[in-house]
Amino acid sequence: MTNLIEMLKISKAFGGSVALRGVSLTLEPGSVHALMGENGAGKSTLMKILAGVHQPDSGEIYKNGHRISFANPRDALAFGISTVFQELSLLPNMTIAENLFLGREPVNRLGFVDRKHMRLHTREALAKLGLTLDPNMLVSELSIAERQFVEIAHGIDADASIFILDEPTAALNATDVEVLNAHIRRLRDEGKAIVYISHRMEEIFNVCDTVTVLKDGQLVGTRPLSEMTPGSLIAMMVGRELEDLFPARAGAFGDVALEIEHLKLEATSKPLSISVRKGEIVALAGLEGQGQQKVLRALVGEYSPFSGSVTIKGKTIRLPLSKEAGIRQMQASSVAFVPEDRKDEGLFLGLSLAHNLSTSLHSSRNELSRAQGFADVIASTLRSMNVKAANARMPVGSLSGGNQQKILLGRYFATKADLLLIEEPTRGVDIGAKSEIYKLLRAFAEGGGAVLVLSRETLELIGLCDRIYVIHGDTVVTQMQAAEATEHNILDAALSA
Amino acid sequence: EVKLLDGVTTPSENNPTVEAGKYKKDAPWVIGMSSFGVNANTWTVQVAHEAEAAAARDKRITKFVLLDAGFDQKKQVADIEDLIAQKVDAIIIQPVTSTSADASIEKAVAAGIPVVLHTGRIESDAFTTEIQGGAEHFGKVMGDFLVKELNGKGNIWVLRGLAGHPEDTNRYNGLVESLKGTDIKIAAEENGDWQYDKAKKVCETLYLNDPNVDGIWSSGADMTRACVDVFKQFGAAIPPISGEGNNGFFGQWIKDNFKSVSSEYSPAQGAAGIRAAVALLEGKELKKHYAYNPPGWDLEKAKTYYREDLSANVWWPSELSEDQLKEFYSKQ
Amino acid sequence: MGRGSRQGLWALPLILAVLMSFFLAFATAQFANSGNLSNLVAQGMPLMITAIGQMFVVLVGGLDLSVGSVVSFTTAILALDAPAYVVLPAVFILAGVIGFINGFCITRLKVHPIIATLSMQYVVLGITRILRPVSGGSIPEFVTASVAGSIAGIPMPVIWGVVTIAIAWKLLYGSRYGLHIFAIGGGVAAGSTEAARNFGIPARRNIMLAYVISALFAALAGVFLAGRIVSGDPNVGLLMELDAITAVAIGGTQLSGGVGSLQGTVIGVVVLGLLSNGMNLMNVTPFVQTAVKGILLMLVVALQSRKKIGL
Amino acid sequence: MSAFLNSSLTQRISKIPPSYYLCAILLLILWIARPQMLNVNVLGVFIRQVVPLGLLVLGQLLVMRVKSIDLSGGGVILLINYGISSGMFPNTSLGFYVVAALATGLLIGLFNGYMIAKRRASAVIVTLALSIVLIGFVQYLSSGKPPGDVPPIFTDLFNTRFVGVPSPVIFWVAMTALMSAFLGYTVFGKFVTSVGENMRAAHFSGVPVERTVILAHTIAGLIAAIAALVQTGSIAVGSVRVGLDLPILSVAATILGGVVFGRGEGGVWGPFFGVLCFAFLFVVMTMFGIGEPGKLVAQGLIILLAAIFYGLRSSDTQS
């Protein structure tokens, strides 16, 4: 059997920081190759080199023994390498169909873009992924999960022999992941080579054949997955066995910290009520787009519900809140909101870690007051979050995806809020860091804080939380103690509603 | 014989007659005027006021339409076309450039509307009659003054107006004319855009670069004031410098008593244009070309016009009534 | 909906243009007569052509401040003492070169569009003033004839307008290039040129082409203007770039890139044209015309409330 | 580690905005060609010429850092100049003029900010339109009463010197230092940086985005009013027209100084030197007797070359 692609002794440094040191990787047709490693291990960098985004400092890439190199993504694509990048990169002002065909639009004899063909094909491609979106919708109007799907559709729709999927499932829930896995298997069966990057252990074991582990930019090893167990894989990545992913739950809770009453998300939806007590971590679970996010965002004015009220530490506020002032109003009552979309809503990619970490501290103060350095807060956050970064002056955009997520969380932890509203606490975070974030959240609750969290990873919700509300059709259909919840009964509740 | 303005003469050569009665029309009349730029500077504002005042004085003119091209050729073409569309009885034009309005002037005349031109020549002769203060003459009056003061030799600075403006080029040509055959050299030549601030910048730079200068040819009053201020600021003697008929400059001239001449270029040309249009509509005989080449003013003449109680921005000579002068220009 | 929301807010200026037309038709006797209407087309044409070119650059998130100078430059070249078959191709070649240099400096040498095109504005204006210090010269017969008169009862300026719009329409909506223009602009507005390049779009080449298109359209406007003023003039295009940008923005095109439309740009030009023609016909004194223009502009943008804060 | 330090040093050097070395080169040319000119007295006079522009730039860079732009400076200057020179307010003191001018600037800036931040109108068009309205307003007023003389106190103040340096220059430097400190040491400065980088993210971290944009524009309006007072002092006479190119020049100087929409690598001093470049460029070209067309060509090429040099250097050190 010929090796489709060989990457030999690839090294790459950014400025002074080395991202890859002599990493080799062999991709075979008809197989799914998992690439694993902690945040900042160099997975994305390695794949960006294969995709023509970066040029290696040293090392070579061969296809069937012939040396190849790409000056830019277009060359790589033309060569048959299609990539779903980790950071969502669709163009917001273009429709789904246009995004799908960008760079390879069909034209008719007169040079006109064949929109009809694009539309039909797009509808098909989306249908294969189980989606019924209108191909003429602008991407800016899609939810983040829908965007991720379009991104995937774009990647796997290409006429390519090598597919790179860099954390494609970070914004997807379990059922969606299964749809994607079916596709990956189909591509594999067609003889394509697939690189699959994910921090979710179960996915790796579900679809992949081989795994390569990177650590600190160096190759740890490549093994067939049939020889591995989750435990041994984690040990290979982290260098030790991870005993407990989730910390122990709390026993007793304090007063009610957050009380949502008679919240009608839409004029026609059934009112819902939710309460969170001090010391408690409460989750909103459910299928994609059923209203969980609207509940959370209604609390900060980002979504305008039809009616309702919220009581925070005894103070009642009528909803909807103003979009402009909602966040600040909540901040003033020591409530922090962590948005899910770290690239667009979360981080200042071009600014330093220090700036990113300290913005919320600054924003609670008067404009004309003196700006503080917050050096100690920044240092302790970097330490407690275990951020892999050379120093606090480097731009956040140059961090790996997972480390970016840590910075985002760190910003809101630093505000000393006592109620956290979190969307996706561990999106794209490696398993070691996940465990640390869970511990931080639990410690926060134990210190008297309350947490309302939203996640697409059902296992995470079960393990992390105390209580779970299942949301369907813009209302709460049931609530359960996390200790008694299973993936099955949550899904059951969500579906049978 | 129609009297248009003091100092206006009729050149004898190549000067056809506009036959009597050709454009005769019964009153009331609507007269249109296309200005190259009403708000270009205080002089152009005054031209507009002089024209409006003259039109208001004649009760047979029921409507006077003043349009402003704002130094934009395209807009002037459009303005003239709009006036034709409104079927005005006569059009007065201050052309933005010597060619840009030609086509639309031809259109107006073809539509039977007489066209009076002033404060700017054009290359075509499609218009009906024109009153032109020779810009060359204006520049030459200033040039001759310098030649006389310097006894035909020395170094001068030249402060020009707006680059690319025909008025600037023609005034400059007048200077070149008077320098012919003398030993006067142009040591520096800069555009001050007829503006106080730009001219001041230029003069400061020139002075600091090389303060030795025997005379200054300045093509506008605000520039003269700026340059004189620069010399005063550096405590230097003010060399002979040319100026024009502006109240602010006159005040400075009288107070500091330096050597200067004032070229005359009356804003009342605005009124003269109205009088020419009226004469045509009355059916009087006019000449095609009227020249406005008055001699320069000396300090004594300036003193007779200078008005302490009025602001710097009145231009002399003016036909505005005492009331209007007070209304527009009274100090504080 | 689909493409609708990428086209910017052009419905409001359209309504405004219609209202203004009705108002003028009733309030003044001359507005609706054919003479005035064809004047209106001819008066607005140079601005329309330049604004359409400018729109391409704005859509990729740039700005072209050099178009006014290119217009003047074109009239100066046309007024050189040379036959039409020499000067006519020459103006387009030279404009192409100017656009190329703009685009090259911006995409390859990483110069900010405002700096690159402002510098170009100075350079081209300087060269124009050397070529033709004051207005004058004569324009080839062919050019003057092409803007005057009519063919089969259709006035020449109308034909110019239709042809220009058709070319722009084909470029923007009838080709891959047009789609890429929007894609690149969308990326730039969202913060990176790389976004479109990651899709394999030759972003920098396409941006460069937008500047070439802008310059070529400016040259076309210059040819039209030269035919109308029948001479070369170093100042004829002065400040035209600001009018062009204003027209583009009134038409709902966002200056941050990626959102806008051809019809919007044309409507923007119509609004500006109706404004100055209307005020002339209504005999609004020149001392308040400027203020009225400003207030109306302000009204248009105030009512076009967008999602984004900024340019 | 040392490699890292080295690279961060080269990176920092490559980020020096073009205005710094363009300024250095121009001074070098002056020093070679006219060494006698390089003294405080002479340079002070040259620098004083660009003080109004320099002040305007302080406001411009502020709004550009929140991804906006202010083209209304021309109108503000004209209106204030008219208000002072037309004699509309007889028998008033300097203090009255200053307060009235500042209030005017403040209101205009506030209006710009409101339209841009709250109404989400296009900044280019709003500020341009406002400038046109203001210019139109002055033209309307001047049809009833053309502008006249500026009270002599303005010119007198403008011409004062302090230890040999013209006071307007000292004032400008002080204002620049103040702005630099304001942006560097206050929470507002942090807000400006955040808003410029990513408005959504700023909003989600609790930065009052709209208020920041409004405040930036208000300050810019205030500064434009100050620029207007200085400009009025420098021309001593009323005017009905002011260069529309002043706001565009202020944008150019700001970019030359390393500040682009949303990013502020050049800080406040980069644009400061950008303005100095314009001053020295004019002096050098006048010195060499370059005519108006040549000046335009040279000015364009020099600015372009400086920007190209900068662009190439900073892209070398990337990736």
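Think of it as A, B, C and D in the order they're written, each chain with its own count starting at 1.
As a convention for this text, contacts are C-beta pairs under 8 Å (C-beta built on N, C-alpha and C of every residue); 3 or more make two chains touch, one makes a residue touch a chain.
Quick caveat: nothing in here was measured; it's all calculated off a predicted structure.
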| item | value |
| --- | --- |
| Shared chain contacts [subunit C and subunit D, defined touch] | A, B |
| Farthest chain relative to subunit A (centres taken as mean CA coordinates) | B |
| Separation of subunit A from subunit B, taking each centre as the mean of its C-alpha atoms, in whole Å | 73 |
| Gap in Å, rounded to a whole number, between the CA centres of subunit C and subunit A | 44 |
| Interchain centroid distance [CA atoms averaged], subunit B/subunit D, Å | 35 |
| For subunit B, residues contacting two or more additional chains | 38-39, 48, 163 |
| Set of subunit D residues in contact with two or more other chains | 139, 142-143, 198, 209-210, 292-293 |
| Touching two or more other chains - residue numbers and ranges from subunit C | 129, 133, 239, 285-287, 289-290 |
| Complete list of chain pairs which touch one another | A-C, A-D, B-C, B-D, C-D |
| Footprint of subunit D on subunit A - complex, ascending | 15-17, 54-55, 324-325, 327-328, 331, 337, 339, 344-351, 355, 358-360, 362-371, 390, 411 |
| Touch list for subunit B against partner subunit D, complex | 38-42, 45-46, 48-49, 163, 188-191, 195-197, 200-202, 204-206, 208-209, 222, 225, 229, 233, 248, 310-313, 327-332 |
| Contacting residues of subunit C [partner subunit D, same complex] | 65, 105, 109-112, 114-116, 118-123, 125-130, 133, 191, 239, 242, 245-246, 249-250, 254-255, 285-295, 297-298, 300-302, 304-311 |
| Touching residues (chain side subunit D, partner subunit A) in the complex | 1, 3-8, 11, 184-191, 193-194, 197-198, 200-212, 215, 263, 319 |
| In the complex with subunit A, residue positions of subunit C that touch it | 1-3, 5-6, 170, 174-176, 178-180, 182-183, 185-187, 189-190, 195-202, 258-259 |
